Amino acid sequence: MGGGHPVPAEIKGLNEECGVFGVFGAEDASQLVYYGLHTLQHRGQEGAGIVSTDGTELYQHRDRGLLAQVFKDPAELKRLVGRAAIGHVRYGTSGHNSIANVQPFLFRFHDGDVALAHNGNLTNAQTLRRQLEDQGAVFQSDSDTEILIHLVRQHIKDGFIPALKWSLNQVHGGFAYLLLQKDRLIAALDPNGIRPLCIGQLANGSYVVASETCALDIVNATFVRDVQPGELIIIDRDGLHIDHYTTNTQLAICSMEYIYFARPDSIIHGVTVHNARKQMGRLLAREHPVDADMVIGVPNSSLSATSGYAEESGLPYEMGLIKSQYVARTFIQPTQALRERGVHLKLSAVRGVVAGKRVAVVDDSIVRGTTSKQIVQMLRHAGAKEVHLLISSPPFRFPCFYGIDISTRSELMAAHYSVEQMRQFIGADSLNFLSVNSLIKAIAVPDAGDAPNGGLTVAYFTGEYPTPLYDYEAGYLKSLNEQERLARKEHLS
Amino acid sequence: MGGGHPVPAEIKGLNEECGVFGVFGAEDASQLVYYGLHTLQHRGQEGAGIVSTDGTELYQHRDRGLLAQVFKDPAELKRLVGRAAIGHVRYGTSGHNSIANVQPFLFRFHDGDVALAHNGNLTNAQTLRRQLEDQGAVFQSDSDTEILIHLVRQHIKDGFIPALKWSLNQVHGGFAYLLLQKDRLIAALDPNGIRPLCIGQLANGSYVVASETCALDIVNATFVRDVQPGELIIIDRDGLHIDHYTTNTQLAICSMEYIYFARPDSIIHGVTVHNARKQMGRLLAREHPVDADMVIGVPNSSLSATSGYAEESGLPYEMGLIKSQYVARTFIQPTQALRERGVHLKLSAVRGVVAGKRVAVVDDSIVRGTTSKQIVQMLRHAGAKEVHLLISSPPFRFPCFYGIDISTRSELMAAHYSVEQMRQFIGADSLNFLSVNSLIKAIAVPDAGDAPNGGLTVAYFTGEYPTPLYDYEAGYLKSLNEQERLARKEHLS
Amino acid sequence: MGGGHPVPAEIKGLNEECGVFGVFGAEDASQLVYYGLHTLQHRGQEGAGIVSTDGTELYQHRDRGLLAQVFKDPAELKRLVGRAAIGHVRYGTSGHNSIANVQPFLFRFHDGDVALAHNGNLTNAQTLRRQLEDQGAVFQSDSDTEILIHLVRQHIKDGFIPALKWSLNQVHGGFAYLLLQKDRLIAALDPNGIRPLCIGQLANGSYVVASETCALDIVNATFVRDVQPGELIIIDRDGLHIDHYTTNTQLAICSMEYIYFARPDSIIHGVTVHNARKQMGRLLAREHPVDADMVIGVPNSSLSATSGYAEESGLPYEMGLIKSQYVARTFIQPTQALRERGVHLKLSAVRGVVAGKRVAVVDDSIVRGTTSKQIVQMLRHAGAKEVHLLISSPPFRFPCFYGIDISTRSELMAAHYSVEQMRQFIGADSLNFLSVNSLIKAIAVPDAGDAPNGGLTVAYFTGEYPTPLYDYEAGYLKSLNEQERLARKEHLS
Amino acid sequence: MGGGHPVPAEIKGLNEECGVFGVFGAEDASQLVYYGLHTLQHRGQEGAGIVSTDGTELYQHRDRGLLAQVFKDPAELKRLVGRAAIGHVRYGTSGHNSIANVQPFLFRFHDGDVALAHNGNLTNAQTLRRQLEDQGAVFQSDSDTEILIHLVRQHIKDGFIPALKWSLNQVHGGFAYLLLQKDRLIAALDPNGIRPLCIGQLANGSYVVASETCALDIVNATFVRDVQPGELIIIDRDGLHIDHYTTNTQLAICSMEYIYFARPDSIIHGVTVHNARKQMGRLLAREHPVDADMVIGVPNSSLSATSGYAEESGLPYEMGLIKSQYVARTFIQPTQALRERGVHLKLSAVRGVVAGKRVAVVDDSIVRGTTSKQIVQMLRHAGAKEVHLLISSPPFRFPCFYGIDISTRSELMAAHYSVEQMRQFIGADSLNFLSVNSLIKAIAVPDAGDAPNGGLTVAYFTGEYPTPLYDYEAGYLKSLNEQERLARKEHLS
C-alpha cells in the first residue's frame, strides 16, 4: 500500500484486550470463575488465569493459551480452593507473550497477599513506572498492571483502601481492576468508564463482578448494576459496598465494545449489544442504500448488523459466506502454492447463493483492509456479479490507547487513504461506512446524560480522546498529517 | 419418559457418518486432502487419516481426534509424499472408538497395496462377515469397511477391477468408497446414491473426489459432476474413466444431508444446501404460521431455515440464541451443583432480545428432545413470554441404516410419542413439524426423474426404506408397534 | 569405512526385539501386566500395548512410545478390565513404526476374539504370507505376527488348539507367542527355544508368563519353570496345562540374551544373567590380560563383565565413564558446531579418574564401531595415557534372523574387517574379544544336555544357524565372502 | 515412628537445590547453556530456564519440569538469541512449585534489564524481605532469590556493581549467584563458599561459569579455577575480572556435594567426587569391617563408595540391586494391593546373586530410613541370609540451611533415634556409619588451609554451622533435645 507516515514505536501501547471475572462468597468459586471466563474467552485468547482464596492463603494457576488449555488438567482447578476467586483472559501482542504477563498477578506480602487482574491500558504508565523504578521498585512483567500495586505499597502505611484510592488517582487511561485479598474482592473502574464492568448476584446472595453480562448469565447470576466511572466496589463478608475514589467523572464507554468486541448477548449500560448492532445496520441502510439482490454478512460478528440492514432495506438476507468452526485448531498452514490456489480455511463463499447475483456485504469494521479484499475476491470467484461493501461503523483512523489493539496508525488503512482509495484496494463495486452520528444514535446509551458523544468514546473515528494522552501525546501528534490535525482540531473545537 | 418398545441391540448399526476426499495427479496431494478434509470436518470429529502414494509405496497416518490434532506435527503430513492421496474423517460410536477403526485402512499385499475409505453403512455386513470368517478371513476392525477388501481378494485372480465390481454387487446399503492403489484412485457409489459424492477438477487438469462440493471449493477445484448411483470411477494417468458395476439403480439421496448434515455451501445433486434449508423454512411458515413477535434460530445449523421462516412470515429475524465458539475445547465439566445453577456452555439466550417477547424458535430436528427442552427453559429464564418451537423437518420416527447415527429407535423421541406429548415434555407453547411432502418440495432434486419421493430417502420419517434391510430386518420389524406397522404398510403399498 | 559386500535388502529381516507378559486369573490383571512390561521395557521402547478380558469381551490399548507414554492417561489402563491380560513392548525398525504394527494384535471373530503377542522372527514368513495372500488373506501390518492367526483360521474347523498346533509347525525361526482368548491364555515357544519365556505363580495360585524372570519378581510371582522348546502352555480356569506341538526339539537359546539384551537380574534356563556376564569378564581377563592401571566399564550393560575382569585381573575397578540418566528425554540435538566441540549427551569420561592413566575398558559388544571410537576419543581427551578395549563377547560377524536387530551384515563391523583393522578404526591401543568357547563356558546352561554349543545360538559369531534360513538363505549366502564361506563350512562340518 | 520433637514450621527453609550455568561471548550461547544444564539436571528436576542476551535485549524461557520438557519445542531455544546466556535447573518443595519460582528471574528496568539465577539458601531472607516490603518492595515469588535485586535497586544510584557489592554483604547463608545484563555476566559466591561454582574457558577464549565441572566438560571448556569464597566475577567484552565484595571469608564447602549430590565426574576444589566417594568406602571398610560373602551398592549414587569398600575389604563386589532406567517416566502408581504384593518400580534385588548369601550393602546416606527398610526387605525376600547396612557418611542429625533439602529435623531419622533403634526399624543385621573424621579425611580438600573441618561444612552431622543462623536460630534451638544441645555445645566449644 506504500505511503503513510512513519509511526514512532512509542505510540504503540502494550494494549490488553481482556476479560475479568470475580466472585466472593460462593461454593466452587474457582469453577464459577472458570465458566465466567469461558463466556469471556472472546475478549482474550492468549492467556488465562485464576487466583482463589480460602480465607487463609491465595492459590494461583495461569498459563498461556485458551482457558480450556490452561485448565486441561482438572486437578489444576481443584487446587484453587475457597469461596472467593478472580480470573482473567488475556489478549497480548505476540512479542511479549511471556507467561510473566499472564494475569491475575499474585503479590506476596508479609502483611497479606494480593491478586490483581486488569482490563484496560494506562496512558501514563511509562512515566509512573520510571518514577517507581527510580525509587527502587522491581518490575517483572512488561504490562502496565503491576504499577498499581507498587503505588499502593508506597502508601500502605495509610491502610490498604486509602492507599488504593490514592493510587487510582495516579493512574490514567482506561481501566477495570479486580483485586483479591484473603477477606475481600475489590473492583475499580476508570473515571470515564471506558471499559465495561458489571455486578451480579447469585441465588445465595453472594456477588460476582464481570466484564460483560453474558458471564453473569452463565453462572445464573442476576444483573445488579453496571460499575460506574470512578467507583470502588468492595465485596466482603458484610456484602457489597459502593465507594468511589474520585467524583471527577464522565461516561465515555468504548464504542468498539458495541461495534465488534463484546458478545451480542451482553448488555452494557442498558444496551443489548445485538440490538445496537442491528440498529447500526438499519441506520447504515438508511444512509447507504444499495441496488443489490441480497444482503449477506461476514460471520459471525457482523450478522446482527446484517439482519438490521436486510430488514430496513427490504433485501433478502442470505448466507453468502460461511465460517469454519474448526479453523482455530489448525496447525498446518497452506503452502504458498496452495494459497495461490485460493485455500481459505476460515471463510467460504456460498456459490449456490451468490452466483450471478449483486451482493451487498455487511462487515463491522475495516482495519488493514486485507480481509475485506479477500472476501470480495472470494465472492467474485463464486460468481457474484457485483459486490457492495457496507461497514457498520465509521472508518478507524486513530489508535486506541485504552486497551483495544488497533494501536498503531501505520496499520489503520483509513488513517492513510480516502474511502475511494480503500474501495479500489479492496476491489469492491462500492464501499460505504456508517457515520459517527448514526453510530451514536444506534447505540443510544440511556444513562449517558449530557456526556459528549452520547457517553461513548469515538476517538478511533474522530481523534477526540476523552482523556489526555500523556506518554502517547508527542508520538501521536507527530503521526498526524495536516488534514488530520485540522480534522481533529475541528472535532475538539 | 417411560414406555417405548425394547429395541434389540442388533438393530443398532455401527453407523459411520463420515467424509472422504481424494486427489490424483497433483503436487502436495496430501496437503490438498488435508484441506479437503478440513472442510468436511463437520462430517466426523472422532478420527482422521490420510494415505498417499508416490507411485511406488503407500504412506499412512491416522489417529483418533480432530484432523488438526491428528496432524498436529506437520512432519506427519510431510511424510505422506506423492501426487495421489485419499483421506477420511470419521464419526464413530464411542464404545468402539479404537484407532483400529480409523480410516483409510491400508492393506498390504505382495501384488500391490490398497487403501480404502468408506462413508456409509452396509445392511448385510453381518452376514457377509460371518461367511468370510468361515472361509478363513481375519478381521481387525469392527467396521463394515474391511468386508469389501476381503471380497475383492477372494476374486483377485480375475483382476482387481473385475473383482471389485463383483464385490460391489455383494455389499448392500449406503456406501461411497474411495480406494487408492499406487497407480490409480477409484470411487464407487451405492445403487441408490444414498451418500453424496462429487468430482472436481484442479487447474492442472487433475481430478479430486469429495463427499461435498465445499471441499472442492477450498482447493479451488471446478465442479465436474456428482457421482451417480451404481457408478465406478477410475482416475489414473490417462484421466477420468466413468464405469459402472450395476445398472439396477434409482436415486434415493439421504434427505438428512439437506436437513442438517451437509455444509450449507455445498451443492448436492444440483441443490445448494442453504437454499434447500431456507425453502424448508418458507414452507414451514406456510404450513405453520405462529403469532409471535420475532423468529430466532438455533445456531448454527438452523439459521438458513430460520431466515426462510422470517421472510415468509414477515416476522423480524432476531439473534435470540448464541453459540459459544470455544465450547468444543472444554475439558472441565460442570459439577451437578453448577448444572442446577443453569450452566450451559454451548448455548446462551440473549435476554435483551427475548425478554417480554413471544418467540418463534426454528430448529432443524428433534432426536431425543432433551436439547429442545433446555432451549425452551433457557429462553423462558431470559424472559420470553411465549416459546413456539418449529422444526424444519418431519418427526424422526425410524432409524437410519445407511450411515447417519440416529440409529436406535429407543432414542428417537418421535418413535414413541405424539407431537402433543413431545410438546409437553419439551415445555413449548406450541410445537410443529414440516410435512414430508413439503420437505420433498423444498429440496426439489432436479435430476430425480421419476424416482419415488423426489429422489430422496425419507425413510426416517416414513419407515419406507429404499433397499431391503437384510441383517436389520427382523429386529426392525419387532421394534415397530401396531400403528407403525400399519403406517409403514400404507407407505409401502 | 568403505569396502564391504553389498547386502541384498531381502536379508534384512523385520526384526522384533520384544518383551511379552501375560497373566490369567488375578485381580488387576492389566495392572500386573503393566508392571511386568515396565520391567521388560529394555526389550523394546518403540511401542507397547495390553489386551485384557473379563471373560466376555477383549479390551485393547496400544500405541507407539514407551509404556508410560502409552498409558499416560490412567483411564486407559482402568478401561482394560478383567482377570486375564497379555501385553507387549516392541522394538521395531524405524521405517515401519506404524501403530498398525504395535502389539498385542486383536482379531475379532464371530466365534471368539483372539489377541496375539509375539517375540521373535520367522525365517519363512515371506513364503507363508505370499501363500496366504494368494488364498485371499488380508494383512494389515508389516509384521510376521499376523501369519499365525491366518494359519489358524484356515484349520479352525478342527478346533482352535489343533489348528494352532498345526500352525506352529508351519512357522519356522525363533518365536515366543502369547495368545489370549476370553477363557484362556496360551503360550508357545519355538523348537529351539531361541527366545526366553518363563512361567511364574502368584500367591493366589494364578499363573503369569513372561519373557524374563525380572518381570516375575516385580509382581511377586514365584518362578515355576522355563517354557521348553516346542511346548504349548495353556492356562485356564483349571490351571496350567503343559502340552507340546512338536517333539523335534533341541535347545539353542540366544546367546545375545546373556551378553547384553536381558536384564542382569533375570535368570534364563537356570543362569543369572549378571553371573554369566561377570564370568565372561573373568574368562576375558584370562584370555586377554592387559598391562593397565585400572579397569573401567561402559555403563550400564558392561558393568557386570567389568567387575569380573577386575576381580580376575586384580586391577582396580574404577568409574571412568558416566552415563547420563536424562539423555533419553532430550529433544534438542546438538548443532554440527557443538558436535565438533565434543558435546556428548549420553556418556562422559571422568577426568579425575583416568587422567594420566593406562585404562582397560570393558564393553559387551561392538556392532558398527562408532560408539567404541567415541569412547576411546573421550577417554584420551580426558587424559588417559593408554586405552585398551576388551570386548566380553566374540566379534559379531553374521546377522541374527531370530529377532535381535543386528540384522544386516553391511552394518556389522566385524563382518568386513580384521580385529587389527577394527582397532585402527577405533583408535585403541589394543583390542581383544572373548572367544566363542569361553563365551559358552561362561554361560554354562545347566539343562543344555548334549545340545551343540552348550545349548546356545552362537550363529552371530560362527554363521552356524540352528535352523534352516528359508527366505533369507539365498541373500545370506550371496553376502558372504570366500573366507567366510570357508569359515562357515568349517563350523558346519 | 512416634516420638520426636515437634518442629516449628519456620525452621523449614524453602531450600533450593539447584544448578546454574552461564556463558559470555560464544555463538549458540543458549545451546551451550542447554547442554550445561543437561549435565546439571541431577541438581534439580522441577523447573528449568534460560535467559539470553544479544547485547540489546534479554530473552527468557522457563517452565516447570525437566529441561528437555521445558525446551521440548526447539523453537523456544532458537528464540533465545545472542552470545551470552545464563540458565538454571531447580529443585523446589512441591507446595510452592509455581512457575513464578522458576529461574532465572528476569527483571525489567528502564535503565537496563537484569536476569538472576541462584543456587543456595539465605538464613536472613525473612528479615530482609520484611524490611524491603515495609519500604514498598513488591515480591512475586516465594523464593529468597528476588531479595538480592531489591537490595541492589535501593542503592542503584551508586552504580550497579557498587550496589551489588553492598547487597552481597547484606545477604547471609549459602549462595552462588549468576547475573546477566546485556553487556556482562556476573557471578558471586558466599563468604564460606558453601555451594560449588567454577569457571571454564572455551576454545575461542570466552568464559563459562557452572555449578560443577561436569558441565564444563560437556561443552568442551577447559577448567580455569573454582570461584573462591567472597569473590565477585565479572565477565564482559574485555574478559574475566576477578573482584571480591568481602575479604572476611573462610572455606566451608558443603560435604553433601561430595557425599551424594554432585556428579561423580565433577571436580570440586581439586577433589574428584568419585575418588572422594571411593575413599569414603575404603575408610568405612577400615572403620566397620563386616563378615559377609559380598559387597553390593545401592545404585547409582553409592557405587563409588561400594567399590572402595570392596577393594579395601577384599570382599567380592557384586550387582545385587538393579535400578530401572524407566522409572521416572511412570504415571501409573501401584494400587495398595499391588504395593503389598511388593511391587517396586525403582529397585530390584538380584535373586541369583544374593540368594543364600551374607550381603554387605553400602548406601551413601539415610534420611527417613524408609528406603533402607525396603532395600533390606527386598534383599531378604530375594534370599539374602544376612544384610549388613553400611553408610558412607555420618548420621544426618541436623538440618541444612544452605540449600540442600534435608531441611526439617522431624524427617531426619538420625535426629531422633540411636543407631541401634535405626537398625531395628530398618531390619538390618547390622548398621554402621562413617565417622565425621573419616569423612573429612576421605574428601581431603587440598586448598582448605587451616579452615575448620578441612574446609567442609559438616553441620548436618555435628550441628556446628559455619554461619549464624539468623531467622532460623530460634526455631532450630527449640528443636534440639538436651543431649543435642550438649553435643552441639561440645562441638562449638
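Letters A, B, C and D name the chains as they come in the text, with residue numbers starting at 1 for each one.
In this text, a contact is a pair of C-beta atoms (placed from the backbone, for glycine too) under 8 Å apart; a residue touches a chain by one contact, two chains touch by 3 or more.
As the structure is a computational prediction, the values presented were derived from the model and not from experiment.
Counted as hops between touching chains, the shortest connection from chain A to chain C is 2.
Compared with chain A, the chain whose C-alpha mean position is the greatest distance off is C. Where the sister copies chain B and chain C meet, the same residue numbers recur on both sides for over half of the interface positions. With centres set at the average Cα position, the gap from chain A to chain B is 38 Å. Remark: chain A and chain D have CA centroids separated by 48 Å (rounded to whole angstrom). Not a single residue in chain A touches at least two other chains. Residues 27-28, 31-32, 34-35, 38-39, 41-42, 66-69, 71-72, 74, 77, 202-203, 213-214, 217-220, 263-265, 267, 271-275, 278, 300, 303-304, 307, 310-311, 316-319, 322, 324-326, 328-332, 334-335, 337-338, 341-345, 348-353, 382 of chain B are the ones that touch chain A when the two sit in their complex. Only residues 60, 63, 98-100, 105-111, 129-130, 133, 135-142, 146, 149-150, 153-154, 156 of chain A touch chain D when the two sit together in their complex.
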